[in-house]
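The chains carry the letters A, B and C, assigned in the order they are written, with residues numbered from 1 in each.
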Amino acid sequence: MPFIPHTDAERDEMLEAIGVTTIDALFDEVPMSLRASLPPEMPEGISEMALMQLMQRRAKQDEMSLSFLGAGAYEHHIPAAVWDLTNRGEFLTAYTPYQAEASQGTLQLIYEFQTMIARLTALDVANASVYDGATALAEAMLMAVRANKTNKSKRIVVAGNLNPHYIAVCEAIVSNQGLVLEVLEPDEQTGTIPTDCAPQLSEAAALVVSYPNFFGGLDPVDALTDAAAAAGALVIGVVNPTALALLKPPGQWGASGADIAVGEGQPLGIPLASGGPYLGFMCCRKAYVRQMPGRIIGRTVDQTGQPGYALTLQAREQHIRRGKATSNICTNQGLLVTAATLYLSLLGDEGLRQVALKSHAGINQLVAAAGQIEGVSRRFSGPVFHEQVLQLPVPAADVVNLMANEGILPGLALGALWAPMANCLLVNVTETKTSDDIDHFVTHLANAIEAIKSTC
Amino acid sequence: MAEVRDDVRYLATHEWVKLEADGSVVVGISDHAQDALGDVVFVELPEIGTSFVQGSEMAVVESVKAASDIYAPVSGVVVACNSALEDAPETVNDSPYDAGWFVRLTPDDPSSIESLLSPDAYQALCDDETH
Amino acid sequence: MLIFERSRSGRRAAAQHVSSKGLGLDLGDDLGEHLRHSPAGLPEVSELEVVRHYTNLSAKNFAIDRQFYPLGSCTMKYNPRGAAAAASQPGFLKRHPLAPEAQSQGYLACLYELQTYLQALTGMKAVSLTPMAGAQGEFAGVAMIRAYHQKRGDHDRVEILVPEAAHGTNPATAVMCGFVVREIPVTPEGDVDLAALQAAVGPRTAGLMMTNPSTCGVFERQIAAIAETVHEAGGLLYYDGANLNAILGKVRPGDMGFDVLHMNLHKTFATPHGGGGPGSGPVGVGERLLPFLPTPTVGQTESGTFRWLDKRDLPDTIGRLSGFMGNAGILLRAYAYARLLGGEGMQRVGAYATLNANYMAKRLTEAGFDLAYPTRRATHEFIITLAKQAKHHHVTAMDVAKRLLDYGVHAPTTYFPLLVPECLLIEPTETESKAEIDGFVAAMAAIADEIVNTPDQVTSAPHTLPVTRLDDVKAARDLDLAWLKTQPA
């Protein structure tokens, strides 16, 4: 019997103590008409060895040798110590830290995580994380509507160069509460948001800026922040945490800084793993902390006066505030927070900066090399972080299919998201890519383009 | 035994209301309420100038393990808030009827306070709850 | 000590630094005004310092691998290591979420089969795996109820009913979906008050959210009548899968009349809690809500290949709920667990979870503790009330919970459901042995003696943990949420 420890003798002894003769008798309050039999769709159990053989085969089937696909999830090197420690049973099999005395390890770790994220974004406070970057943004929108006492509006202005999946997720979540999203179209040449957007910002609860944007580019965040502040709209920055080792943090945008910053924590030591579990981080100015959803850990003292850590501001949460809670979220992404905290500790300021720098240099190198192929150019002008849109002379989806068959993921074909961008390929480079990898990519890209041209 | 002041009126939801000489009313929570809540850690107050209809949610008081809404005892407009509570929420525990007041309202109809619970009626309600 | 206090300027875990040599570019110069002016202030520590710091921190946690965790409604059972290993194959970990379908058939096959299993086990018509936690599954379910009524032009249905014993997420979710919440009383025997429900339903009713077994740890016997009442009024029935472990393979929510449900895969299907997450909360629906399922889901073409189904396939979908497609790693663990156990193994889960709970309830009553619902059969969990001990000895449920920590057992859930005074909600799960349960009962019996003879021992517990009781009031009044000091040079 998998994972059930009872011997037959123990089972019988327990039944006798209860005063029944069979386990089925314990279901006597369930009406007979509702008792189910075993569904025929369910397979028979298999051994761990057979399971491993099956799963190894299936995983192998999907393996690629080289990837330049980013678009919100990035392949970074993960130090060996990160998951070695994260997978310790004491972190892995602990519950949510409701019993603070029995959870000081997890609680202190989350406090350290909150500190690291607040420092990276240059904002005052961070929460213990939410599900992922997209849901962090949806929560930030709801939070901004609650927090903005100047513009009492449910209108959120969103940069049109934000990850379109994030916009879709926010629509699905916030429209139920009557929030309206209004998209600012990016400039055709630069792909960034024009700074003359003041008319749209008037009376809006918040402006959402993506930094870097979905195309890898860097928007004029100082001017946009100032424009929003002047209009009484809060500024929500959607940021890549790796980029913040190199780029201006949201807390320092414009004259007064962004009000809320959120983002996808996956680049911080979390494997791509088909899209999750990841973590969404969320931080804000101290003045808005009571409007922030999710778990928050505070430092306090115990009865003897020694420092300790505990969940705090719980009166915002669903288990106390029920229908009036800031969100229905119950947990954070505890284990992923553990990994991210270890990752940031191991890299430190300088390590993270070097990851960011090498990724940045890598994309510039790739774009320069790819630009030598006839018909290939940058789609947008202006600086980028570690991702760039290439304009190809052929449909990008065809290039992706051809190269994927050779074990290379060249990037994301943008035609499925924006029909006019059918020939556009979004390419990412991280520190994991060598000059040889980049050369390899460029050679295969040139071959793929040639092959597609010749079949047309 | 919690103190029930004689010079104010009460709501069944444990707010007290005092009619001032200038016709405004001051609102707070009773000694019984602060005792039941435990250590108050935060008070969320409305903005001055906001109007409330009798019975609508006007403020929130939080302890570590609970959050309670404070209801407008009469319809009216907020003319003052006790902003000292923002930095010293414990005042609600220490001095519920005096320094721990929440909000001052100008009532639309000052006589509406008459319909609220008398000290005796409120005392009876508290006795009921504790037994 | 915090990791920041171990930090020294200039100390590095240098093996984790990449070389930027040989790239032939002036790094960062093109970024100009975008550059960060000063470092963030991440810790500067050696790799050994990191390893030792976090290993020592981990030792301050209770965890399933070390302690018994009878935490009611949380299903803290053993999660097989094999399921984690199977889901952590390099091909799965390195797979990019946006990889083309042709290069994703191994992964998609697992998801497709998992959808089929979950459908069969719950008796629903279709499943979407995309919600990332129980609360998000709830959100998806209630959003589908809203979409269903709106599609029919039934705009007056603005109320969601929940039993007063419901978990706090139920009302919070209903409000997030734009509904008004109306609570339905529960009888002293732990059932929904059917007369009150009949009086509450009507043309404003969008649906009823409930769990069965309920949060009172008993099976809702009138479920057929409840379903009929809500359906006749034009509402839909939502099943909160928090307690699915109790009935796995024994009773199916679809057969009870539920129109939509979420499952907490992390509880029932082999994902450890990880100190608070991640979870996974797939939703299942009956016929009426099929068009509204959140995307993406996985379909199979006639040729047998698997593909994503999105808005083009489900035009009435409530939409996307995650940046990619849900918590894939948890779904793979659930798939692996389903394969390890198979159908028969699943049936034993509910059976032995129920056996353990009823046995423990019996032993605790023999030790002098009071059940909240003494006339009822326990399900996979049950409630004891310490009202008597609180009244006579001024010892609360929280005190007993803290004292249990000294006995090396994690405390049960305290003060939930709120309507039972001084309660402990206890769920032993099927993976615990009789000896472990007997040990817990012995600890409770010892505490019962202490309550009478040395109550101070109990009210000042815990005594053996890294810290004593923490000052929650200070934590909330003097908010300290991030370490502000900088490191010594």
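Convention: a residue touches a chain if its C-beta (ideal position, glycine included) is under 8 Å from a C-beta of that chain, and two chains touch if they have at least 3 such contacts.
Computed from a predicted structure; not experimentally measured.
> Between B-C and A-C, which chain pair is linked by more C-beta pairs in contact?
Counting C-beta pairs in contact for B-C and A-C gives the edge to A-C.
> Could you tell me which chain's Cα centre is nearest to the average position of every protein Cα atom shown?
That would be chain C.
> Please report how many Å separate the Cα centroid of chain A from that of chain B, as a whole number.
44
> For chain B versus chain C, what separation do you get between their C-alpha means, in angstrom?
38
> Hey, how far is the Cα centre of chain A from the one of chain C, in Å?
20
> Note the residues in chain A that touch 2 or more other chains, in rising order.
Expected reply: 320-321, 324.
> Find every residue in chain C that makes contact with two or more other chains and list them.
472, 475-476 - these are the residues of chain C that touch more than one other chain.
> Multi-chain contacts in chain B: which residues touch at least two other chains?
In chain B, 41-42, 62, 64-65 touch at least two other chains.
> Note which residues of chain B are touching chain A in the complex, please.
41-42, 44, 47, 62-67, 69
> Quick check: in the complex, which residue numbers of chain C touch chain B?
472-473, 475-477
> In their shared complex, at which residues does chain B touch chain C?
39, 41-42, 62, 64-65, 89-90
> Chain B touches which residues of chain A in the complex?
Within the complex, chain A contacts chain B at residues 149, 290, 314-316, 320-321, 324.
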